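Got a structure for you, questions after.
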Amino acid sequence: MEMRPLDALNKARGKRVIIDLKNQRQYVGTLSAFDIHINIVLEEAEERQDGEVKKKLGTVFIRGDTITIISTQ
Amino acid sequence: MEMRPLDALNKARGKRVIIDLKNQRQYVGTLSAFDIHINIVLEEAEERQDGEVKKKLGTVFIRGDTITIISTQ
Amino acid sequence: MEMRPLDALNKARGKRVIIDLKNQRQYVGTLSAFDIHINIVLEEAEERQDGEVKKKLGTVFIRGDTITIISTQ
Amino acid sequence: MEMRPLDALNKARGKRVIIDLKNQRQYVGTLSAFDIHINIVLEEAEERQDGEVKKKLGTVFIRGDTITIISTQ
Amino acid sequence: MEMRPLDALNKARGKRVIIDLKNQRQYVGTLSAFDIHINIVLEEAEERQDGEVKKKLGTVFIRGDTITIISTQ
Amino acid sequence: MEMRPLDALNKARGKRVIIDLKNQRQYVGTLSAFDIHINIVLEEAEERQDGEVKKKLGTVFIRGDTITIISTQ
Amino acid sequence: MEMRPLDALNKARGKRVIIDLKNQRQYVGTLSAFDIHINIVLEEAEERQDGEVKKKLGTVFIRGDTITIISTQ
C-alpha cells in the first residue's frame, strides 16, 4: 500500500522533530501526538532562533494551521 | 492507545497555560475549557508583553484560529 | 460534565463583553446572541480605541472569523 | 428561545445597514438578502469613506468572508 | 419566500457586472456562470484600473474566495 | 441547463490558459486537469513576468487556493 | 477517463519535485507521499534559495495549505 503523509508523521513519534511555523518561529521537540489537522504535541520542546535555543518550553501544543514544515533532525 | 493532541490539552485543564496568538499577543491563565476548534477559555487570565503583565482580564474566550502555541508553565 | 467554550459564552449572555478583532478594533456591548462560528450580536455597542469610546453603534453583528478575544468587563 | 445572530440579521431586512469590510471599505444600503455564510445583498448601496459617499452602486453582492461588522444606522 | 444572495446573482446572469477582488483588481464582464462558492465566469471581460480598461480578457474564471464585491453597472 | 463555472474550465481543457496567483505570479500552460478545489495541472507550463517568459517548467500542479483568475489566451 | 490533479501527483511519486511555498521558500526532494489536502512528504529533501542548496533536510512533511506550486525537474 502506498504511504500517506500521516504515516510519515507516525514513524516520527518519539523522535526529535523540527517544526517551522508561518510566523517564522521554529520549535524542536519530541513528537508525542498529532491528528489529521496536523495539530502537534511536542515534549521537551524548545524555541529556536538561527539555530540557537531561545527558550525551554516543556510540553507544547502547536495548532496545525500555523505549521509549514516538519522535519526530522 | 496513542495519545492525541486534545488529550494533552485535557491533561492541562485546571493548570496555568501560556497561549501565543498569531497577532503576537500572549495570554496566561488557568485552562478551564477547550473544543475541537481549539477555542479556549482561560480563568484569571492576564495579557503579557515581554514577560510582564500588561492587563488583568478575568475570564477570556480565545478563538481557536488565532492561536499558534499553547504551553504549560 | 466538563465545561466547553460555548458554555462560557452562554454564561456571558446579557452581560457587557469586550471583543477584540484581528484588525485591532475593539467593541464593547451587551452580548445578546452567538453561534458555533462565534458570530456575535452586541446590543448598545460602542467602538473603543485606547480605552476611549470612539463611536456609539447600537446593535452590531460581528462575523466570528474576525474575532480574536472575548472578555468580560 | 434564545436569539441567534442570524435572527438579528433577519430583523434588519429592509432596513439601512452599514457593513465594514476587512479591507477597510464601508458599504451602506438596504439589507435585502443574506445566507449562513453571511453573504449579503444590499439595495441602493453606496460606498463610503470617512462618512462621505464615495460612489453610488445600486445592488451589491458582498461575499461573507470579507465582512467584519454589520451595524444598523 | 425571502430572497437569498444567490438569487440576486441569478438575476444578474447575462448582464454586465463589476467584480472587486481582495488584491484590489477589478474585472468587468457579462456574468455567465457562478456556484455556491461564488466562483464566477465572465464573458467579454476586461480588467480595469481607476475606471480605465487595462486589459481585454475574453472568458475569465474568478475563484470565489478572492472576491469582495459584485455590483451591477 | 445553466452553465456552471466548472463547465467553463472543462471547455478549456487542452487549451492554453493564463493563471494568476495571489502572490502576483503568473503561469501559462495547457490545461490538462482540474478538480472542485480548482487545483490545476498545466502541461508545457511557463512562469511569466510582465508578459515575458521567466522560466520553462514542464508539468505544474497549482494548488487551488492560491489562484485568483484563470483566463484563456 | 479524464485526468484529475491528484493523478498527476501520483505519476510524480518517486521522482524529484520542486515545491514552492506561500512564504517564498522552495523545497526539492523525492515525492514519497501526498493526500487530498496536498500534504506532502519528500525524501532526501533540501531547501533552496535562488537555485542554491541552503540546507539538507532528509525527510520533510509539508503542510498542504502552505503550498503554491509543485513542478517536476
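A, B, C, D, E, F and G label the chains in the order they appear, each numbered from 1.
As a convention for this text, contacts are C-beta pairs under 8 Å (C-beta built on N, C-alpha and C of every residue); 3 or more make two chains touch, one makes a residue touch a chain.
Quick caveat: nothing in here was measured; it's all calculated off a predicted structure.
Think of each touching pair as a link: the shortest run of links from chain E to chain G has 2 of them.
Centre-to-centre spacing of chain C and chain G amounts to 42 Å, using the average Cα coordinate of each chain. Averaging C-alpha coordinates per chain places the centre of chain D 33 Å away from that of chain F. For chain B, the set of residues touching two or more other chains reads 65. Here the chains link up into one ring; start at chain A, go to chain G, and the full order comes out as A, G, F, E, D, C, B. Chain contact summary for the complex, chain A toward chain G: residues 2-9, 12, 22, 38, 64-65, 67-72. Of all residues in chain F, those touching chain G in their complex are 13, 21, 23, 25, 27, 32-35, 39-41, 45, 57-63, 65-66.
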